[in-house]
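You will see two complexes here that share chain A, one where it goes with chain B and one where it goes with chain C.
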Partner chain A sequence: MKTSSLKRSAVTLSFLLPILLFFSFAMLVPFLMGIQVSFTDWNGLSRTMNYIGLENFKNIFISPDVLIPLKNTVLYGLMYVVANNVLALTLALALNRQFRGRNASRLIFFIPNALSPVLTAFVFSFIYKDLFSELFGIQSLFSSTGTALIGIVLLAVWHNVGINMLIYLAALSGVPKDLYEAATVDGAGAWQRFANVTLPMIVPAFTVCITLSLTSGLREFAFPLVATGGGPVRSTETLAIYIYNYLFAYNKAGYGQALAFVFMAFLLIVGLTVSRLLRRKEIEA
Partner chain B sequence: MRLPLYKQWSVNLLVLALAIVFLVPFYLSIVTSFKSLLEIAESVLALPKSLTFDNYAKAIETIRLGRSFVNSAIVTAASTALILLSSSMGAYAIARNYAKRGYRLLEALLLAALMVPFQIIMIPVYKLLKTTAMLNSLTGAVLILVGTSIPYCTFLLIGFIKSVPRELEESAVIDGCGPYRTFWQIVFPLLKPIVSCLSVLYVLWMWNDFNVSLIVLQKDVVKTLTVQQFYFFGENSTEYGLAFAAACLSMLPIVAVFLGAQKYIIEGLTAGALKG
Partner chain C sequence: MAVRQQSRTAPTGGKPSTPYHESKGAIAMKKWLGPALSVMMLGAVIGCGGGNGGGASSGGSPAPGVSSSSPDQPKVKLTLAHLMVEEGARVWVADMISHFNAKYPNVEVEEIAANTDKYNTMLKTKIASDDAPDIMLLVNLNDANKDYLDGGFVLDLTDQPFMQNVNSIDRQYIDGKLYALPFDMNANGVIYNKDVFEKSGISEVPRTYSQYKEALEKMKQAGFAGISLGFKENYYVTGDVGADWRAGALSANPNWIEDLQSRKLKFQDDPLMKGILERMADRFAYSQQDPFGTDAATALSLVATGKAGMLQHGSFMVDAVKKINPDVRLGFFPFPWSEDKADNNLPLGTGIGGLAVYKDSPNKEWALKFLEVVATKEMGESLQVNKGGLSLIKDVALPQDPTFQEIIGYRDSGEAFDYTGIRTNFTTEFNNALATKVVEFLMDSKHDVSAALQKLDAEFDRIARTNG
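And now, the complex of A and B:
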């Protein structure tokens, strides 16, 4: 009996072994190494590094410089979440009917997902610069500090909106039809049906879409790096780019690593708070 | 809940207008790739005056498209296969032992890993691959891509496997089926809907990966398409015709895969595959 249970756990372990090995190599070990680096003054190149205790973490909180990317990141995260979810929900509502071209439209709004961030950023730089000047006679959105961040939001929404649209569509198609009929019998208008039947029924989709788009928006890295390199005058420099620069360009890996951990704490707090708030609405509904 | 006809049509018009806006970037990429610089300067929106493939020929020559294309294909195929195979095995073990605390803890660990921003492991990954002599190797990139993708994939699969009834497996075991055969011949085929949806998504995500490839693949021989594009667009940002020909060539395979497999993605997503 004992040998068979031993054998059974050996079998289970063999099922787990592949993910454990890959996960440890690519995430667990690097994560632990990262903790070590964050307490040093390592420059990212030299063979030696000195432990400096909490010095890096202290410097983050007294440095006014970090406030610039923090402001950009928060502003970008908010604009991105609102724009992405408003458009995704609008599209889902518009496509949640029987009409010719329903499948084609779902495909059209989803297909930008197939492009790489590099390609997307390049195509949009061209659109902002050459198409906008031809059509509207205005400068590229990327050329002024006031509009550059909005330019990034637009291209990110174009690229990513399809996923949220499909999640909202799935939620909408799960709303029972008789609820609408009951509401209509009770004399509810279109708006009332939306606010009192549709919205409460799709709160779980809001939880998924808002939490995921917020945390991915706050981590935005590839789009601004490729499209603007963080410019003009640091107006699109997100925290992810700021950290990347410390790690690789400024040769201050220790400090960059400490920044990354503070960044993770920030993401965790925001993500958990938002999902908890939304989950609470789910129970009420 | 039928809207009046005029409202139906105004919604249709809105969808149509948005669809056109969404397609503009594709239209521009294609027409620009056939134009000369002079034509682009005259008008961005106009169709090309003649259909010449000069830009394409030049693009293939200058950016070593073939090499990075092969690199991307290798990385994508290897990572996607490894991610799906190892995640479904791991998720099976976790889902079927969910009563035990250790396995729930493991799931919690995977969930926590989803929150870790890539910047945390950027430098350590660089260091680790350098000491193991896997920097600038496709193997190194695949290992990191697989390891960083496993938490999300396994997490989704755990949820799915929990909803698969155990009876089939139990009767297979009674019939004398060993655990490996039970998994590969009974359970894995049942996972087909979600595995095919996730495979398509991971093919897209791996093909388009930027973060990992940017750090790991810096030498020309190993660069994947996205990394090659990054440097290429940086250097040739004014040679629009050429750049867009390169862009269209690298879009082509992935859009083709996407169009061929969109059924699985949309079905999977609509069935709630990503809800977790």
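And now, the complex of A and C:
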């Protein structure tokens, strides 16, 4: 008996080992090395680095410059979460019934997600610049500081709405039909059915979708970097791009690393808070 | 009455359970699915690790199909990294590699090219992970890229005989030593489309600032965009403005860039910068539609296809424009920042830097042999024909291309300003800040120069403070 359970543990461990090794070397070790670097003045290149204690962290908090990407990131995160989830839920509701093109429609809405983010950014740049000016006579959304961030939100939502839509669809199909019947019998209209039956039953899906899209939205990097490079005039420069610039372009890897850790802490706090708030709603429902 | 209990349906949240049938095929698939997926994941993990490991350990395994090596020569792999992504430059590099292979068939040369921003990132990452390329193009070795020198990554080339094949090699010394092989000269100024000039009735190349403004107006009247601005990209912004500061500010004050970066000189106290911004605002009015949404490639194609008349940059852009439209007739003139023609000389020179060898490369000897090939007359001629530049190698005949003949004309008539040894570029962080503030200045319809100068000072002060 003992050998059998030992054997089972050994088998389990042997399946886990490759991924544990990968995780350690690709994530854990660099993470720990990064902690060390954030306390130095390393320029990303030289073989030596000098310890400067909490200097980098101090500079983050006294520098007003970091407010620019912070503001962009928060604004983008909020716009993205709202747009993405509202659209995803709408699409899920529309597709949650039997009709002829149902499966095909689900596939079509998911295809953008399979495209590479770089490709999507390029295509949207082209659409905004050349197509929009031909069709609507307006200049590219990326040409003006007021509209550039909105342009990124649109392209990010187009790219990512498929996943959330599928999650909401799955949640919607788990709502028992007899609840709807009971509500109709009680005289509830369409909106009341939605608000009082559908919404409370799919709150777990909200927890997942909103938390994930908020934290991934706050981490946005590829879309703005490829589409606008953070411009014009830094209006689409997110915190991720800001950190990348310091790590690589500006030869200030120590400062960049410190920024990265502060950013990570920020994301953890936001993610945990949002998730907890939504979880509480779940239990009440 | 006893009521027979029916089987309980699943609690709320579940549908009533139905009998669960599985086809034999489904069962069989499920049996194999688990192990198959595990094997695939394992394979992916090992493959990724193996791939990285294989890439890192360079020198050793040759690619299949490489020309056969003689039995006594060891098989060697050299990596060459550079940032010359223009097609003509790539052709030149390919030519050099094939010439090198003809002489040394046992060496395989792997070329890694990336454009400017990504090049630096790539190079730093590779060096930091002990995967440095054997040969790398390092420009501005005495200022913007001094970190590579200070980090001890560059081999001393002072005593290499091939270095003496380069014209004006005495200008390339840093602290008494030579660290890189420069191979071409560049001019900086205005590239213009001769057809557009003719159609607009511009008979003479503008050599003073008012003539320049007149030319812009004439092109506008004829329905062309006077100047092509690819201002979506930072490097294009500073390339355009850079034609002004290289012709003007640097000829007046060779330490202009140093002084601004060290904050010894403030923008608000600098009449040179004021002039630069005013001239920028002037020509901005003649740009094509939507300059901030236009990327560099589109901007070049506007001049190549005759929709815009001029663009300002280094002469290395000439080839890029010609590749878009080989029939285009291009000319080159110095940016006429001053009313006095005598002040408007063509900046022509070479930066400190070029092809360098990684100091700890295991294939140093072969890397040096490669540089030897680069420094030959033959490869100098190949550069002029393919890349479209002015070779620095001795005894290379001047290029026949009319655009470059025009550039050489300025040198021969004494109207050139040799900027070799003078710092002409800002460091990346300062450069980006400058580009951002210039764009902000142009987006403001009032074009408030003093506000812009103030903002520039605030930005440069901030960056200088955090320079560790």
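Convention: the second predicted complex is superposed on the first by the 270 of 285 C-alpha atoms of A that agree within 3 Å, B and C clash if a C-alpha of one lies under 4 Å from a C-alpha of the other, contacts with A are read in each partner's own complex, and residues count from 1 in each chain.
Please note the rule applied: a residue touches a chain if its C-beta (ideal position, glycine included) is under 8 Å from a C-beta of that chain, and two chains touch if they have at least 3 such contacts.
Just so it is clear, the structure is predicted and the values come from calculations on it, not from any experiment.
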Exercise for the section: Look at A:144 in the shared chain and tell me whether it touches chain B only, chain C only, both, or neither; answer first, second, both or neither. Expected result: second
Practice task
Would you check which partner chain A:231 touches, where first means chain B only, second means chain C only, and both and neither mean what they say?
Solution key: second
Practice task
Could you say whether A:30 touches chain B, chain C, both of them, or neither, answering first, second, both or neither?
Solution key: first
Exercise for the section: Classify the contacts of A:52 with the two partner chains as first (chain B alone), second (chain C alone), both, or neither. Expected result: second
Exercise for the section: Report for A:166: first if it touches chain B alone, second if chain C alone, otherwise both or neither. Expected result: first
Exercise for the section: Could you figure out whether chain B or chain C reaches more residues of chain A? Expected result: B
Practice task
Have a look at where A:195 lands relative to chain B and chain C in the superposition and call it first, second, both or neither.
Solution key: neither
Practice task
Based on the superposed arrangement, let me know which partner A:44 touches: chain B (first), chain C (second), both, or neither?
Solution key: both
Exercise for the section: Quick one: classify A:119 as touching chain B (first), chain C (second), both or neither. Expected result: first
Exercise for the section: Could you look at A:19 and tell me whether it touches chain B, chain C, both or neither (first, second, both, neither)? Expected result: both
Exercise for the section: Once the two structures are superposed, pull the chain A residues common to the chain B and chain C interfaces. Expected result: 15, 18-19, 22, 25, 44, 125, 248
Exercise for the section: Going by the contact rule at the top, pick out the chain A residues touching chain B in the complex. Expected result: 11-12, 15-16, 18-20, 22-27, 29-31, 33-34, 37, 44, 91, 94-95, 97, 99, 101, 105-120, 122-127, 130-131, 134-135, 158, 163, 166-167, 169-170, 173, 177, 180-181, 184, 190, 193, 204, 208, 215, 219, 221-222, 226, 240, 243-244, 247-248, 253, 256-257, 260-261, 263-264, 267-268, 271
Exercise for the section: Show which residues of chain C lie in contact with chain A when the two form their complex. Expected result: 12-15, 38, 41-42, 45-46, 48-49, 117, 120-121, 124-125, 127-128, 147-148, 150-153, 232-234, 289-290, 292-295, 427-429, 432, 436, 439-440, 443, 462, 466, 468
Problem - Of chain B, residues touching chain A in the complex - result: 1, 3, 8, 11-12, 14-15, 18-19, 22-26, 28-29, 32, 40, 43-45, 82, 85-87, 89-90, 92-94, 97, 106, 110, 113, 115-125, 127-128, 143-148, 150-151, 154, 179-180, 183, 204, 207-208, 210-211, 225-226, 229-230, 233, 237, 240, 243-244, 247, 250-251, 254-255, 257-259, 262, 265-266, 269-272, 274-276
Fill in the blank from the handout: In their shared complex, chain C is touched by residues of chain A numbered 15, 18-19, 21-22, 25, 41, 43-47, 52, 55, 59, 63, 65, 125, 128-129, 133, 139-140, 142-145, 174, 176, 179, 201, 228-229, 231-234, 245, 248-252, 254-255
